[in-house]
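In what follows, structures are represented as structure tokens.
Next come two complexes, and both contain chain A; in the first it sits with chain B, in the second with chain C.
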Partner chain A sequence: MNTDNDYVIETQALSKRYGQKLALDNLDLAIPRGRIHAIVGANGAGKSTLFRVLLGFLPQTSGQARILGRDSQKLNPDDRSRIGFVNEEHTVTGWLKVAQVVAMQRQQYRRWQQEIFDQVIGHYHVLPQQKVSQLSRGERAGLNLALALAQRPELLVLDEPTLGLDVVAKRAFLESLMYSNTSDDCTVIYCSHQMEEIERVADNLIILERGRLMNMSAPEDFTARVSHWVADAPFKGPDPRSLPGLLERQQIDGLQHYIVLDQGDDFAQFLRQSGARNVHSMPVSLDRAVNAFLSKNHAVPAAAA
Partner chain B sequence: MARPHALMIQIAAGDPRPIGKQIVDAVRMKIATGELLPGDQLPSVRGLAQQLTINPNTVAKAYAELTAEGWLEARQGLGLYVAVPRQRLSEGERERRLDEAVGRFINDVLPLDYPPDEVQARIAHEFQQLAPRKIA
Partner chain C sequence: MMEFFKAELLRLRAFAIGLGAAHLLALAFMSRMVDLAQQPLTVHWTAGAVYALLGLLLGLYQMGNYRKPSAWLNLLHRPLAPWRIAVALMAASLLLLAISVLLPIGIVALWQQTMTPRVVDLRHWLLALAGLQIAMAGYLAGAYAMLAERRYAASGFVFLFLLLVAEATGFGALALQGLVIAWLVVMVLGAFKPDLSAAPAPLLPLLSAAIPLQMLVLLLMVMFYQGVEMGWIAQGSHPNNSSTPPRGGHNEVEKMDDRGRMTAALSDSKHPDAALLREQIALSEPEGVAQQVRRLPQRHELANLAPMEFDDDARGIRWVFSHDDMRLHGYDLRQRKLVGVLGVGPGNTALMAPTLPIGGMPGMADGDEVLLAGGTLYQYVSASQTIVDRIQLPNGEVILGASPIGESLGLISATALYFFDGRDLIEHEGRVTPRMHVRIPGAAGDLRNLELMELIDGYLLVATFSARAHVMDGGTPYQSVVRVHDDGRSEEIARRVLRHDYPPIYRYQWFWSSPLLSWLKTQSIALFAPPMPQEAITPAPIPRGMWILALTLCLLAGAAAAWRSRVLPMSTRLRASWIVASLLVGLPAFGAMCLLYRPRDAAAPTP
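For the complex of A and B:
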């Protein structure tokens, strides 16, 4: 055991290649122990590949990957019992009854705490004699989270855990995660596309793009780097390639709208020099900021580029 | 045992202000309008987090900022309370903030092309709306 390690996840120059495509590109990522870390990225940014490598389900092409201080490719059952994983499909063996699943998990995990399971599952109408296949998606999500938390993992990885849940089930899920006392000593990695949820939940925002780390900071610090400018620059405005920090550009009713990264008053100056008479700027929401950031390099059909 | 004063605030998704800032603004506003009075106890960090379905660390940071600015005070082992008002900012800082706020306001309002006396009347009206509660 290596509990004095400061990082729950640590990769160095980690790459994973599928044929021609680099899913992870020399990724250096160090996630400190404790708190809730959100990972966002466009589809294909490498999140799923990263977790498959970290959990030892896939070998990397090159580089280092460590989880809870252990080499990902050399995890033993004891290491795995310190890691909880809830995926978006909420896969649990369908033909088993809930009570049987619980009995199996209790056997498997030394640190299992029945009270935690009971407390979390109490948010859902799940009966011990029900078959897993009879549960709704939301109930399966609740069961999965209860199982993962009762295992008392040091690291809990949640991959799109609330996808497809109704508002009540979603809220119950977030409450179990944040206020149940059960996850206090647990580091949570939260993969999601839902910014509203991330804003509520995350202490730290990690953005991956094309297998590379693009941001690691508190969500509000990231939002503060992005601003929305509107200018009445003549014609089509300055050459987009000359615009510093440009993430997204739109022409609406003859006005140029720019969403830019890390630009201050200099940007207003720049727009004025390009012929704009009126220049306004405003802050953006986290959703808008992440959206613009990811859209910069998002795939578009060749005709639209 | 006194209970915490209910904190009737809401946070809006999609607001450009981060959630922590929305809490700070809302609490300041409630103190300024007298809806929260000196000596009122605030909800616990966990309690407010749960009320708003947000991360408790976000509430803790907002409370820390409000405490540092002198709006709230901690009583050992009891929680956070609305502090007795005093001028929380230096004269220079007060003036700087007023300048900044007025500048921002003028910037926003000027392009709307209202006559100045109409704008002033609106502001006076808004202040009047706040005033009764401050006295009550």
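For the complex of A and C:
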């Protein structure tokens, strides 16, 4: 395993087992320093487990995990000051006033920068004298982000930070993240199900499925791998099992729609040879591409298969 | 660290102040009804249990909120060592409990001292500290229960149980509570780590968690045996509950009346006078001499065994013993005003030991009271409002009971029965000396019954030693018959060995379950306890069969630990340590190991 600081997160054959279920399955992951990295995956893909292992709150069953070059089970207070974490619940001490929370954080984090906090919290209508428990979920998310960014971490982990936020709050959150210039000197790990957010913020797309790494590339590179084909084929078209790289198949108005992975013009040839009269392709959005990719192996009841 | 301390105070201050106010109101109400400082032990036990419960609930609530995964991550993922956060939370809880528990007790004590004639001693102020310490122990046990894995979360409760059964008093009790708190703090600090599912490590947290856990396993084993005993009782053959006690056993003797016990003691005797004495017993009125003091009051003890006060109804004065100046303080019951401080004799000197009023004696004037103070018996004389030193036992012996025997007064100590002439006591006002004494033929802790019958030229005394025959530290039960002559000579004329009604496997259940922990339990209960001559025992030697059983179980535990530890996530050194511990401690160590560690591939998610 590489022990220098090229990677902020590095795992090798990392496995975590819950009883009979593998949440992380021999995961080899190396996330380089800098930029915004998005981690996506269906529920149960192992994202939260990965973060909990990386932050030392859960032991791995086997393998190794390092964060900022340190064994994740041996993080010291100084390491923790270099890692910011924002979770979906935005757990902030509810009984304190905003100003008290800020004072507490400022006391604890040596690299605290009040200007960053003020800049980020400026996107929200949050008053210092307000109790945290009186803030809306969106305001709490903003406060949480402001607290994390003002710590000036080297690595910032955002675990589904916009979950449950309305459109306005989501937008405010993303804007405050984007305008903070965080990624200039901080690596951001952004875990979300919201593809439009990822499309907007992420430089690198990491896809986890059942605890395994399925993709790591720029989002546009991943989108380029996925194509949408529409074929005017008689009857049901070719046997889906024979279709190379098939991610998703639908029949709409007598036309067969195929979303496939890593297929070029050869795929049009294949469809024509299979009886399609007319074939054309179109690009897919990141949302569609990721959804198709993730739903490929999604368990379905036998009746719906 | 200070920020967490303040934040936690802010979080729970309203709760603490509200609880403190309710506590103060309850104490104030009770103070109007009774003198809280003079309540018997059961009242203080109840209060202590309530404080422990309050602390326990605080610990469960506080750590229960924090241990939710996201809250736990938010709490611990910061540039502070977990132990510093834990110390901040514990310190805040200590202050909150001080507001809820210590402060109201202190306010009531202050009111009682300044606004009433009631006695408030140093021990009553310390009682407030004890209340806080008990609540803190409850809090820490609750905090540990919430932080530790569910399998062994209850092990902190062992210490609450220890506080309940410990024999330490006064400063000793405070020291024991302090030790318990220190131990529980180490346990909580060991459990206060990012990965809550991890077994405690390194050595100090591991030992702090493993030792009480082993004791808990032992307690559970003994509770299981008691469940079996319930079945035994239900089945109808239990010696204590069967319609006819086993013949020749101690239960049979214990259920007899005084005459029956005396007759039984001579039943096997080959003594030439045995038949005659049996006839005399049948015709006489045997008297039992009671051992009234099972626990001696200790100076500065936090709680009273019994109220240390009595009323002189003729004068409307209540006399209350003060531990601070070792004198009686009297106040007028109608005017509620202090009327005086009473010591011994004209010099008003301090009494020799903490004093228990035990009522009047035949021949005493109305309002007079007998005061038992260690080895001294005082008489409060109502007419002159003085305390007179009447009896002093020799050699530092303490009086454990007093009973009229014919025209004499019998005083029982840990080693002898003293006879005093009743007329001397009534006709003279000063100190009287014993007419004679007879040594008790056994250990005071084993003595269950003592009967006496007057003979023409003395007494016939029958002592039954079976008080602890049902447990392992009791001696072999027996009855001893002693003839006491008028000139003070005495000789044992018969000794009847009684059978144990309970088999060794029952009596030695603590021992064979774990000899080492059994010893540790006894030592822990007796830690900082004052000397207790009335508890002196002569344990019977442990039967060889029990040693074999205990050693066999230890070997089995060691083998089981070696087998089981193969699949547990532990280093070779740790594994060897657990095998050795199982060999030394037995099944409780093996059980503790299984509870602390889970097999490598069966890790369950942290809730």
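Criterion: the second predicted complex is superposed on the first by the 295 of 305 C-alpha atoms of A that agree within 3 Å, B and C clash if a C-alpha of one lies under 4 Å from a C-alpha of the other, contacts with A are read in each partner's own complex, and residues count from 1 in each chain.
Just so it is clear, a residue touches a chain if its C-beta (ideal position, glycine included) is under 8 Å from a C-beta of that chain, and two chains touch if they have at least 3 such contacts.
Worth saying up front: this structure is predicted, and the values here are computed from it rather than measured.
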For the overlay on chain A, clash or fit between chain B and chain C?
-> fit
Using the touch criterion from the header, give the chain among chain B and chain C with more contacted residues in chain A.
-> C
Please indicate which partner A:78 is in contact with in the superposed arrangement: first for chain B, second for chain C, both, or neither.
-> second
With the C-alpha centre of chain A at the apex, what angle separates the C-alpha centres of chain B and chain C, reported to the nearest 10°?
-> 160
May I ask you to decide whether A:93 touches chain B, chain C, both, or neither, giving the answer as first, second, both or neither?
-> second
Chain B versus chain C as contact partner of A:18, first or second or both or neither = second
Contacts of A:59 with chain B and chain C, given as first, second, both or neither = second
Looking at the overlay, what does A:104 touch: chain B (first), chain C (second), both, or neither?
-> second
State whether A:262 touches chain B only (first), chain C only (second), both chains, or neither.
-> neither
Chain B and chain C, closest CA-CA distance after overlay, in Å?
-> 28
Give every residue of chain A touching chain B within the complex, in rising order.
-> 35-36, 171, 174-175, 178-179, 196, 199-203, 219-220, 223, 278, 280, 282-288
In the complex with chain A, residue positions of chain C that touch it | 3-4, 7, 10-11, 69-74, 76-81, 194-195, 197-198, 600-606
Within the complex, which stretch of chain B touches chain A?
-> 13-21, 46, 49-50, 52-58, 107, 111
Listed in rising order, the residues of chain A that touch chain C in the complex are 16-19, 52, 55-59, 61, 73, 75-78, 80-81, 83, 85, 87-89, 91-93, 95-96, 100, 103-104, 107-110
